[in-house]
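For clarity, chains are labelled A, B and C in written order, and residue numbers in each chain start from 1.
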Amino acid sequence: MTWETVIGLEVHTQLATKTKIFSGASTEFGAAPNTQACAIDLAMPGTLPVLNAEAVRMAVMFGVAIDADIGLISAFDRKNYFYPDLPKGYQTTQLERPIVLAGKVDIQLDDGSTKTVRIHHAHLEEDAGKSLHEDFHGMSGIDLNRAGTPLIEIVSEPDMNSPEEAVAFAKKLHALVVSIGICDGEMAQGSMRFDVNVSVRKKGEELGTRTETKNLNSFRFMERAIVQEVARQIDLIEDGGTVKQETRLYDGDTHTARSMRSKEEANDYRYFPCPDLLPVEIDQAYVDAVRASLPELPEARRTRFMDSYELSAYDASVLSDEIATAAYFETVASRCGDAKLAANWVTGELAARLNSEDVLIQHCPISAEPLAALIARIIDQTISNKMAREVFAAMWEGEGEPDAIIEARGLKQVSDSGAIAGMVDVVIANSAKQVENYRKADEAKRPKMLGYFVGQIMKASKGQANPKQVNEVLLQKLDALL
Amino acid sequence: MSIDRSDIEKLGELARIHISDENALASAQRINEVLALVDQLQAVDTANVEPLANPLGARQRLRLDEVSETNRRDAFQATAPATEDGLYLVPKVIE
Amino acid sequence: MHNLTLTELSAGLGAGEFSSVEVTEHFLARIKRLDGTYNSFITITEEQALAQAAMADQQRAAGSVPALCGVPIAHKDIFCTDGVRTSCGSKMLDNFVPPYNATVVENFAAAGVVVLGKTNMDEFAMGSSNETSYYGPVKNPWQTDCVPGGSSGGSAAAVAARLTPAATATDTGGSIRQPAALCGITGLKPTYGRVSRWGMIAFASSLDQGGPMARTAEDLALMLNEMASFDSKDSTSLEREVPDYRANLNRDVSGMTIGVPEEYFGEGLNPATEQAVRDALAELEKQGAKLKAISLPHSHLSVPAYYVIAPAEASANLSRFDGSRYGYRCENPADLRDMYMRSRSEGFGDEVKRRILIGAYCLSAGYYDAYYNKAMQVRRLIKDDFVSAFKDVDMIAGPTCPNPAFEFGAKSDDPVAMYLEDIYTIATNLAGLPGMSLPCGLVEGKPVGLQLIGNYFDEGRMLNVAHRYQQASDWHSRCAPGID
């Protein structure tokens, strides 16, 4: 009997506003504890919220990007519960009237097909602060800098059927929100966090009981958590048990999840409309203006890369998903003048290095202009591809501009035809036996025999002879001896 | 509608208000008197009446996204029950 | 000097008859001498007051100043005052010193007003008798075994005992008008949103409204000129220009139609109170106003709707008092839950806890529609009653309260009886309309009030009607016995 997995995601996305959703305190990451928590964020008595216009604009921007209906009148509700990172004792969120209604996101599957994941809605809400669990004499420390950071919570329909699809969807959303500039995408800083609803069922049966796993802030954790949870549920059912509806908390250190049942199940959030905030009304003209300001979406960019740079579907997809990568690639391509070579370098050497060093392209030590300059030296035959990789490594280590490195390391190719001809002559003169063999060989076998001569010449030139020129001159001279 | 002792304990848990054994019944009784008053609402026909949250039916004003607050941590923490290294201290949070 | 009204004090300062320091010292001395009896102040800010007074005198000497520059007032202890303890009448905030000012406090400071101190109140403004204050009950200056009303009982008693010429207050269900009536002074609750709620500790956000208390309508106009403002820090603040409320005080009331709701004169209204109110209406009629019988058919639902909406909002508004960041924290909490439970149970008084529990109940799963949503629907019906009434009348008038001040303890064991004391004032808050109370008689030697309810933003006209009435009557200038 085969099992089917059903997955839905709730994605908390921090909006890249300068200030909090309801206060004028900065949202900058990494400040000293509580230095960016103002009276409103601390829920000091008598303080009141006022909604940030930019948070509204960004939420609407997301809505138009996923082709969603926009809630022209949306409203905030209070979700009541006690927790030390929630200063007011309620979270201000949108339950009944969210700002973004149903929409959709297409994902590309490994088999090349496209699947549509429906978005149920996305709503504006405030982030909570942080509890620091290291020991303060048996106490916890509360930092409320993050409290009040604007979020949109994006709620998908349960349209995904495998961990891979869930990850593809999550990555797609990540690429999208970064592309349209509403989120910095810094996963390690918690800018995007996933809650995963998972259930399993036998094919054709009704939906199984779902669990919610919270606190996933990387694609890898999310994938692992889903794989684990699916296995747990199947084991449970196959052993004659039943899945309980519960909230589970994933621990990124131990890679295990555990039930939070005691805390969650007693909760009754007592939602009601927030009387300190009034309904938010926007008009169609506003929505249209936001739509008009929408930057190019990854999907459109992919098509454009295939058309105008003649890239393969794969390269176009890799280069267009993230706006930072796309921008980097386009700069390299236009500066060096060879889009295909630029694509090879960005998806090859550069991507491999970023990946192995776990660096985001935004923080890449080699910016696009110097990489283009390096590629230009390959195109004008100053250096070979192999030498270019050496120069690239040196650039990564901060040794400077490509030309300076080529100069300093003496990597310049010898392209002087006189010098190359001289070297060829010496090698031919010193290789009587090999020349004889070459002459005797069938014409079809001769190209294979060139390798020896080329090797000798490159050795003599310490690798600096232009290989293309060496080949040409060598063939010419050997053929003359036939 | 009226509430009993177990209801009031549940409400106390939600609202983080301790209901002492000796007060539970008296509290429930007084709350029931209020609920009896409030229950007059049930007799009113409110079909198709839109709930009124803000008396003037006003709309939300939006604030420009400009930083207006400075760090006033010391002032805010001056009368806090317990702080250390700029953090508010509370009994250990167990998730 | 304490017998002068706010308007007279302002004029006297302008004419150089006395200095702000003299006036301030006079009132401070009076508070020290007499407030032991009334308990109307929680905190007296003597040093600050004298410094403000000296500053006001300098400013006045240097040139033209706002009308209230150098005049002393008191703030209800619900308004946050930078550097001065703001308790809200609760043990929970007994140690709370905010590092910021309420907008109302800022507005008065900008006008050069001197602040004598912070007045007593029902805990978190929940009460109609001032018996729920952590700092003990306020005594009604007219009869000290009687309540002053609430929740702004401290502000009302302080004005009535002439310990301050005026005071700020707040009104969620009658908390300005009811104590004004019971203490024989004049008080105004403006249109919802007219006075900023920033820094005013929330009880029920959609009903709370700050307003002034003083001896006369003319004084209230002076106060409201400073107190009202558009405030970008309060999303519910009205983006409307503040008129000069003194401009039309003397306008003739003839030709005006005053609606008299039959529901405000029914069962439960003390006959002597009714007579006093009818007499006052007759005076307005004599001045040319036309009285018109009207009906506000959903009036009887205002108390039930209020006791769902106000506790529901309060239950969330008071969640922030959890012992974590400010205010009271219990001794040696065993764990987080224990800190929440004990800090809140020990820090809040019984009435506050009761309302939090009622609010939690009305919002809880399965009851939201029957209670909260239903109450919000009824709220619209109540508002619609007024909207249609104001198609035919310019103003509505009736009693502020059914009875004069009652004795301490008379209703403190019976919440519902206490709640019904606000039966005529609550609808105004639900509808967001302005309402005011002015003295119109004495019953059993205790003051009773005439309530005026105006259309939205019509505070100026209400003050005008009240002023004209006060020109022709002397209830507002009567003094409680024993007050010299």
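Couple of notes before you dig in:
Just so it is clear, a residue touches a chain if its C-beta (ideal position, glycine included) is under 8 Å from a C-beta of that chain, and two chains touch if they have at least 3 such contacts.
This is a predicted model, so every value here is computed, not measured.
Two chain pairs, A-C and A-B, are weighed by contacting C-beta pairs, with A-B ahead.
With centres computed from Cα atoms alone, the innermost chain of the structure is B. Farthest chain from chain B (centres taken as the mean of C-alpha atoms): A.
Between the CA-based centres of chain B and chain C the separation comes to 23 Å, rounded to the whole angstrom.
The distance from the centre of chain A to the centre of chain C, each centre being the mean of the chain's C-alpha atoms, comes to 57 Å. Chain geometry summary: the mean Cα position of chain A and that of chain B are 41 Å apart.
In chain A, the residues that reach two or more other chains under the touch definition are 39, 42, 44, 50-51, 80, 82, 84, 142, 268, 270, 275, 277-278.
In chain C, the residues that reach two or more other chains under the touch definition are 96, 99, 206, 232, 235-236, 315, 319, 322, 324-326, 336, 340, 360, 364. Along chain B, residues 14, 16, 53-54, 58, 60-61, 63, 72, 76, 82, 88, 90-93 each make contact with two or more other chains.
Of all residues in chain A, those touching chain C in their complex are 39, 42-51, 78, 80, 82, 84, 87-90, 142, 268, 270-272, 275-278.
Those residues of chain C whose C-beta lies close enough to touch chain B in the complex are 95-97, 99, 191-193, 206, 232, 235-236, 238-239, 298, 300-301, 303-305, 307-308, 315, 319, 322-327, 329, 333-342, 344-345, 348, 353-354, 356-362, 364, 367, 370-371, 373-381, 383, 414-416, 419, 430-433, 456. Taken together, the chain B residues at the contact with chain C in this complex read 1, 3, 7-8, 11-12, 14-18, 27, 30-31, 33-42, 44, 46, 49-56, 58, 60-61, 63, 72, 75-76, 78-82, 88, 90-94.
Chain contact summary for the complex, chain C toward chain A: residues 79-80, 86, 88, 93, 96, 98-100, 102, 197-202, 204-206, 232-236, 312-313, 315-316, 319-322, 324-326, 336, 340, 360, 363-365, 368, 372. Every residue of chain A that touches chain B in the complex is listed here, in rising order: 17-19, 23-26, 32-39, 42, 44, 50-56, 80, 82-85, 131-133, 136, 138-144, 249, 260, 263, 266, 268, 270, 273, 275, 277-281.
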